[in-house]
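Each of the next two complexes has subunit A plus one other chain: subunit B in the first, subunit C in the second.
Let's look at the complex of A and B:
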């Protein structure tokens, strides 16, 4: 009998496992096979990017190693390009470039979008809101590629012209989404309670409202990462992208002249790497949405 | 009302970006070994020695008077350049745009009808795969398949000499295939999400309970009610289809459209052309916003009652 009492006592003493929405989402994500596989593919790419960034692999990407236009050999896995540079090393090193662009653009654009979106959402209907909506509409009016071209010309010598252009073009979508969510949230009781307790406005916005949109921000960040990588490829192809480095876009630009002559190595290596990364990230983003948004269909 | 601040903002942004910090044309207009006086003379002609606001007011005056003048690089009248290039861009993009959206809606309806069966999963996973392939790769691959001796070699790689319908089809096929391919993934996903959300509504359940056939429910109750987001997406993508979106296709297939003209104008600092294009896109955006309002009333009569 005392055992039973002890048992009962211990079961009440052990605190019940905390179950927040985040842990629920995490559990759901762990169980999602596609999500986990795609996450590990993205992780592999990230590892490659970090190793290349640390200078451990693929440092010979711009050395002239062998004859031009060699097919795949044991030494040069994907062959060499027209200058005799190793395509495999170039494709690997480009991973670093892609992550550099993707991460900086995604993080900065999401943060900007979050700040603007939450502020305009809280002050919806006032002149602050109107001002930012006007700014967003104006930026939306100018086609994206023309905007980037303008940035590239205006910041002629800056190697980060493309990054800056993307950051200033990509935050509007996030800002609109966050604004809508904040407008919904600010009419709820907890905001009312915080306000009536005398919490200052900036703390209401950034401590009570913005954290409640973090599921949107997380998904938006993954989507922006994909968009940034894909745009980088197209911009590099147009000659507006990365300079003094190598990227999949530059490799495709090189290859676009070669494929009609029958040299496919450069094209397949760069587009294959790009495709696998973007596909994995898309599927990861999907699983993340499934896990975070119970309403998603 | 809405359009005046918008035009003001767009001209301000475009002025700061494309003119104030844009390419310096001083040395393009000078001969070899210019003297200081010559340089100053040219800079004065171009207005580079004026303060910011004077130059901006000058710019806005030209924009408001539709005084675009002559292109700096070709000497052609800007309006005639636009009159030549815009129809080309529209002709290039329109078939792909329509097909991409129609096929997207049909696939989305089909997927939503067979929701969570293997058909739905197949369509959705192929659309994710389609979304993941870069536009550039699609263009190069379709060109390899259809235009080169490694593939079918049926269509031209480059150029635009359209005099008849068969010419048109001859030059349009491959660009259209690539643009449909790229658009289809995104469109199908978006439209399926919209349609599936509508199928979970109560009125659809009621219609089902009344014993309406599946196709009646799908077209009359689901599609009709999900038209608002569909119309918004289609209409808002029109300006970009006409001006911005065609840049890659045009540069790769050597088609003299407005996207390529705009790109060249920015990179070479062809100010008159640039101004015309900025005004054009802004006007188109304003037009689209009003068009959406009208279409909303057509699609959903409840809106005009409010």
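Let's look at the complex of A and C:
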């Protein structure tokens, strides 16, 4: 009814408060209790990671402070490991390692996936698309852990070999998702309309089509973050991951000897930290997905 | 009129699409001219090549699978077929613009109206963001959007269908094109809004002195707002002439059929609405002769053998061997 009035040009009713899709998603998210709780847990982890990164906390993770295999005390909250290092400080400092890997891999892989996915999606049916699909299929054929080992050897024990290996594997999932979405979007009239108004192809892809996939990208990024952290733990456990630093994976590897001897501190501290982070982040990711889903807004 | 140089002249345009089942000629040897400031309607049923014709003029035939295999499109004395992408971009939006059928999907849902309009204006004109914005607001005002200063910062989903189509028109006209291609611009709108949008277009056309090609199957809209009509069937032009002549004295049996199938509500006793019997032939298996022959009630042996040429006097041409019901 109000539309009809506006069409007459007689009324100038314009909603005072402007609601974009993002503000709506944001409002929906802050109403979601599970989402907010998981976000605050993730925020706490992030704070710890930043403080460790700035050198303000847990700098003594590498020092031999006390006797080995002590139980929890007032000074060493989670006790000490076999070498007499403070498990609490080690577990805290590992958060920094995890975030470092998670963030770099998630950001780089998502951006790569978005760029490749949108380009191949737009050019679907041409040789450009064929080429990239072929490349992705080839990369998919290589077993992931073999790839990491290969990168580690090729980069001569570079501490970032693991990061690079993950980045080069993880972008493909995002690329496929974005490609599918872009194929759907490019057949919509606004793409044709943009082209018919003289917008160059690269602008159509990156300014008109890619922003339409931002809800996918954001969720993909959170999922990749978790995947990267879990992979880092597994790789470190296997000895392919973090070098010259500490990670939950290395702590679990240490603990594998200790647990059989009846010392559980190292194991519980590292796997507990990992478990809470992954759980919280997965719940956050779910809530984010719900909030951003345009069909539910 | 014929002494004037045409703004657009399409000559012998042939577009083919490669499909899995074979090559399809979506349009076959199409010829027509558009004079400056004139409104030409292209009418015909779905799949007759209306939209492909307009996309060819824009240089936006999806390729692959589509390809312009023959013919030329001359716009302001310049050949458009084979123009490179960079050159063509300067024509699109700037000299030739297009508006689309679905206002709901023709605007990008995640970008504000301002972003989309300013982008287009700045692509074709060397102006600052502020100037482009001012121009965009002016255009929104011109197409009858109330409080354009507030509306410009909204997202498409906050506007009604009619307003979105107006925004589309504003965007298409923001660089002052000489030719506007309107691909069924009112089909998706309510009847009341249809009339408003059409009136707006006619008014703007006079104001800006631009030519319009109106692609439609709505003959009512054609009668109201166009000067000349091009009737297409199966990728070919079968009749072309001034709107009065076409409506008063249609020569091709298909055009006659189309006009007869418009319901007349004023008659007290509403007779059964006549339809054109049969279906459009498959573009993959076209008949040898006239493409309408199988559905025509005035068909004779020659129609099945030879394709009739578009002929007749300069202003009213028809592609039929027996345009008046008698064998020529």
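In this text, the second predicted complex is superposed on the first by the 278 of 297 C-alpha atoms of A that agree within 3 Å, B and C clash if a C-alpha of one lies under 4 Å from a C-alpha of the other, contacts with A are read in each partner's own complex, and residues count from 1 in each chain.
Simple rule for what comes next: a residue touches a chain if its C-beta (ideal position, glycine included) is under 8 Å from a C-beta of that chain, and two chains touch if they have at least 3 such contacts.
On a predicted model such as this, the values are computed, not experimentally measured, just so you know.
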item	value
First, second, both or neither for A:188, with subunit B first and subunit C second	second
Touched partner set for A:200, first subunit B, second subunit C, both or neither	second
Touching partner for A:135 - first (subunit B), second (subunit C), both, neither	first
Touched partner set for A:30, first subunit B, second subunit C, both or neither	neither
Contacts of A:212 with subunit B and subunit C, given as first, second, both or neither	second
Touching partner for A:146 - first (subunit B), second (subunit C), both, neither	first
Touched partner set for A:47, first subunit B, second subunit C, both or neither	neither
Subunit A partner contacts - residues on subunit B that touch it in the complex	5-6, 9-10, 12-14, 17-18, 21-23, 128-129, 131-137, 140, 144, 148, 150, 157, 193, 196-197, 200, 239-240, 243-245, 247-248, 251-252, 259, 262-263, 266-267, 269, 277-278, 281-282, 285
For the subunit A and subunit C complex, residues of the former touching the latter	3-4, 6-7, 9-12, 14-15, 18, 20-21, 125-126, 188-190, 192-201, 203, 207-208, 211-212, 214
List of subunit A residues in touch with subunit B within their complex	134-135, 137-147, 149-155, 230, 233-234, 237-238, 249, 252, 255-256, 259-260, 262, 267, 271, 274-275, 278-279, 282-283, 286, 297
Touching residues on subunit C, where the partner in the complex is subunit A	58, 60, 64, 85, 89-94, 97-102, 105-111, 116, 119-120, 123-124, 144, 146-147, 150-151, 153-155, 157-158, 160, 162-163, 168, 171-172, 181, 192-193, 196
